[in-house]
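Common to both upcoming complexes is chain A, partnered first by chain B, then by chain C.
Right, the complex of A and B next:
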């Protein structure tokens, strides 16, 4: 702005004549411009991310009164103690952790296969890539409803496939009415929706591997399997670690598919995930303190799991 | 021992067989959605299930859009997504410009504060955001949705744009500065025009995010006429458990802009994801 204009117009002689306070002032006003650039962003970010993050921690120590916050009572760690001893919460943690443990490796393996297949000159490569990416860009709500339809207990496609085509089961399976069986569509959905994203990341990493590496290995007489095992996978290691960490975070945050497919943890709250339980606790039972405590538990879990993974795997990432 | 050309043929055949199998698994669910949306109600659960409608009808679309008001939810989604995208592109490029090009006290500290936004699970913020929005009278309003969407996107998009801005050579800026141009001029007339691919990537991902967002809209928008598509579709299905034709007609309508944006801007997509690990 104006100060920048005057800055250029001044001769060096004039500049020498400036007193020290004036120079300091100018530097301040130049910095002031920078803060103007930052203002709108940090206003919104502070009000809707940073402040809520701290506010939530506070709520989690209170029996929070939604109508009149001033009448909330401090209960210390009671909210945390209550849910840790609650079998429904323990079940939700188990469901969530198994979801991550099942969907993450499956996504990575399928994505790796797809990426290796598509990392060669093929007719229709772009088409396959776009098609595989379709589930990723489709909203969680829509894909969850599609799976609910396919896994319908009476005449769903999956029951038809299992009973009448493959003859693997005698009777139609009631997928959505059982707390364990409902995990099948939820986990399959998590895998099905996520593969395309990991595939694109892995494809980019594969294309960054110089051809000479592969040629050198081929000249040395390495079989395709040996090349994969000893050349490609070690080179992909940083990408695989990145995927692992990001996908585990995503897996622990499973929410929409659980909410819609289990109708909020039915039956008897045994099909809850951590976040669906948080939702039910907060917005159905209006226990905001308990809900905030659960969300902080999840945040801590995500943080610890990520740090542990990076600790264990980073050493060999930097080579 | 196989001949070289034979081996090559086997290799190609296996590759295509696997790729087609994958294609089947990916597309069949979508095809069921598509065909059910064109089937009359009584054929929804015909047995055996069929991908081809025995009787073809557009009734589900007409009913979903008119009687069930999905045209309204579509417009709501469009309004929210366009406003969020415009504001996010503008605000995060201001931030990114400051972090890439300006000097000020506390620069590193502020950048780390911003990066906190990348590390916290978004759904954990819903409770306090709900209480903040309630106090500011933003619940059940479009601005209440939009401002939270902007906040949730700022960290990632600023991070991405800062990278783009830093890759622009500074020679041009120096020339502008010597000609007496202000920082705003540099931002507006040098850095922004040169960063179009980066801005496009940010715009696309923000648009899709706000078009698809469910958790926040689900708690913050109880006013029926102001719902966005994901919430409207989920609630409609919950209330009309058997009307899959209309549910899927509405879903297809909601999906069209997403697929259009994706196919049109495929290049930006792939680059954006590969560059930053943006989640689509």
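Right, the complex of A and C next:
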């Protein structure tokens, strides 16, 4: 301890004598420590994110041989060109974009309604909060299999309900055999599983709105609808923008539910999503270059969509 | 400054720890690394002698400890039999440990590829016969006819059909570990109730019986597991269908030839008339469940169904019959099965070859047969210890045909699958759909 104190004295003495370049040096060493702390995280990030990303960019320009990379042949942009003109890829992009366009607004609307209701002093509020959040923490694979049972064309509950109970249809609907009908369970699943997460985020944002604002609006004679429209929604805007961006990225990355419910793009590859097609190209057809090219298409799509959203929607809101 | 130093030290320590952790992840367990190099020179000799010498040289104490990894996709019953086989192997080769890893069939290819790409693949594996040319083409497999001194004597004792599935561009890249085929399964109870005494003998009869036994959405005469080629293959080959010519140069006049078209026309017509269950398009009741519960009067499937039904439907009495004969008067079906292969990256090739040789031995084949796996050795086929129900499958194997042994078979399968889907959806006639498939397959053959 004594040694340490003397050291402090020494350094404070030195500090007085510091010339300008020494000060710069000192600043650098202080920052150096910060960089040192960043190093472990950056090493992991570099090794497991940056390096594979660049490596797969390289793969996307080759007819890649995964066992023996030396036997790969350079094909330039051929992999990209092939997919741009491929009707299965175009269909996969359409399926993916429409999945995001359907599930994201639906998730936000349902989550907002649930969050506003569960922000009220209701009996059993905690129960409902947990109940709405449960789908979020269940495994994608398990809930997808449950939906597969529900929508089974021959023994599923949904068809039983439609045909035998409600008598809305004469014959059983072949939900999972049709490239358009199969989108119904996939989109429903995406909405059902995602609502709870958005709800929790919105609930937190709602609770951050000071009570005085609501009271003041009430005193001014604002109806509950007017309070929602003119007080709550504007204040939730940053949260809603955040949700929109994050959910759209998630929606464009739809994978497990599509893979399991469509049996890998059946029929005829028309029910593929971008990621299920990427997997099929890579691991079923061993077309690693093509798979890498597809993943770069997806990256570009996500990047462009996110930048556009943030540009258009970001506006500062202060309480 | 003190604070800064502490921080620096702490940061450095963290970075060091991280690097060490990363290094440890990539390396092998140190114990193996130390032992192997020191003992290697002393051991190599006896192992080398092994194929030449008929005596069990391996029992000599100085044999080096070796590990052979073996990946497979076996069923529960097969794993039990495999454990016995491994115990027998280790009795004969106490120095070799066999480490097995089991995969789900659907995940197997991607697991193998990622393993091989990262140099963490297995030494040996049991591969679906249709994958062998594909992996050979990738350069992942060792040509066994070059690496294995007694390859020829083992190969001579196997049946030519299964053996041929290992052949790609002048070399044999594996040995046929087991074989199988599909036969007709008919539900005796459903047949009895309808007053039908026997399973259909011809495809014409089969269509008739299937439609007689169909009843709206409540019962179907026939069901297929999907639209991938394996599912319609028994009817396809029995009708006389062919995918490509024998030399694998063209599909024109084969996949879209009259017999192939007739086979798919029959299936599409049966589907249209409601005599084939819509489950083949996905999202319905699976063929095995539907067959055992009487929903599907007939299905086509393999010998493993005996074990599956024994577990899932112990009261169900499964009935087998040969695939109904086509207009030419002869029955046929599709050959399935698995080949045992050796990978390029195998650490101890001698030990791995000893394991492969043992899997191809009579005792191993007889043991595996008890779990429903059909042996590939001529000398074993004649033995009396095989399960009774093998009879119909062995008979069917006489005429069953192999799918195209080509690295692009997966894409050919997709072409035929899509053609079948277009017929079922009513988008094209069988002829139109198969003409398109022929074009697509020809493009793959160039």
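Just so it is clear, the second predicted complex is superposed on the first by the 270 of 319 C-alpha atoms of A that agree within 3 Å, B and C clash if a C-alpha of one lies under 4 Å from a C-alpha of the other, contacts with A are read in each partner's own complex, and residues count from 1 in each chain.
Basically, a residue touches a chain if its C-beta (ideal position, glycine included) is under 8 Å from a C-beta of that chain, and two chains touch if they have at least 3 such contacts.
Nothing here was measured: the structure is a model prediction, and the numbers come from that model.
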item: Partner chain in contact with A:174 - chain B first, chain C second, else both or neither; value: second
item: Contacts of A:147 with chain B and chain C, given as first, second, both or neither; value: first
item: Partner chain in contact with A:283 - chain B first, chain C second, else both or neither; value: both
item: Partner chain(s) touched by A:67 [first = chain B, second = chain C, both, neither]; value: second
item: Partner chain(s) touched by A:266 [first = chain B, second = chain C, both, neither]; value: second
item: Which of chain B and chain C A:47 touches, first, second, both or neither; value: both
item: Residue contacts on chain A - larger count, chain B or chain C; value: B
item: Partner chain in contact with A:131 - chain B first, chain C second, else both or neither; value: first
item: Partner chain in contact with A:85 - chain B first, chain C second, else both or neither; value: neither
item: Chain B/chain C common contact set on chain A; value: 4, 8, 30, 33, 37, 40, 44, 47, 66, 148, 152, 154-156, 263, 282-283
item: Residue numbers on chain A that touch chain C, as the complex places them; value: 4, 7-8, 11, 29-30, 32-33, 36-37, 39-40, 43-44, 47, 65-68, 71, 148, 151-156, 171-172, 174-177, 182, 261-263, 266-269, 282-286
item: List of chain B residues in touch with chain A within their complex; value: 15-16, 18-19, 22-23, 25-30, 32-33, 36, 45-49, 91-92, 94-95, 97-98, 102-105, 110, 113-114, 116-117, 119-129, 131-132, 147-148, 150-152, 154-155, 158, 177-184, 187, 208, 211-212, 214-215, 219, 229-231, 233-234, 237-238, 244, 247-248, 251, 254-255, 258-259, 262-263, 266, 269-270, 273-274, 277, 279-280
item: Chain A residues touching chain B - in the complex, by the definition given at the top; value: 1-2, 4-5, 8-9, 30-31, 33-35, 37-38, 40-42, 44-45, 47-53, 55-56, 59, 66, 69, 110, 113-114, 117-118, 120, 122, 126, 128-143, 145-150, 152, 154-157, 160, 164, 192, 196-197, 200-201, 203-204, 242, 246, 249-250, 252-253, 255-256, 260, 263, 275, 278-279, 282-283, 288, 291-292, 295-296, 298-299, 302-303
item: Contact footprint of chain A on chain C as seen in their complex; value: 1-2, 4, 7-8, 11-12, 14-15, 18-19, 22, 109-110, 113, 116-117, 134, 138-140, 217, 226-227, 277-279, 281-285, 295, 344, 410-411, 418, 421-422, 425
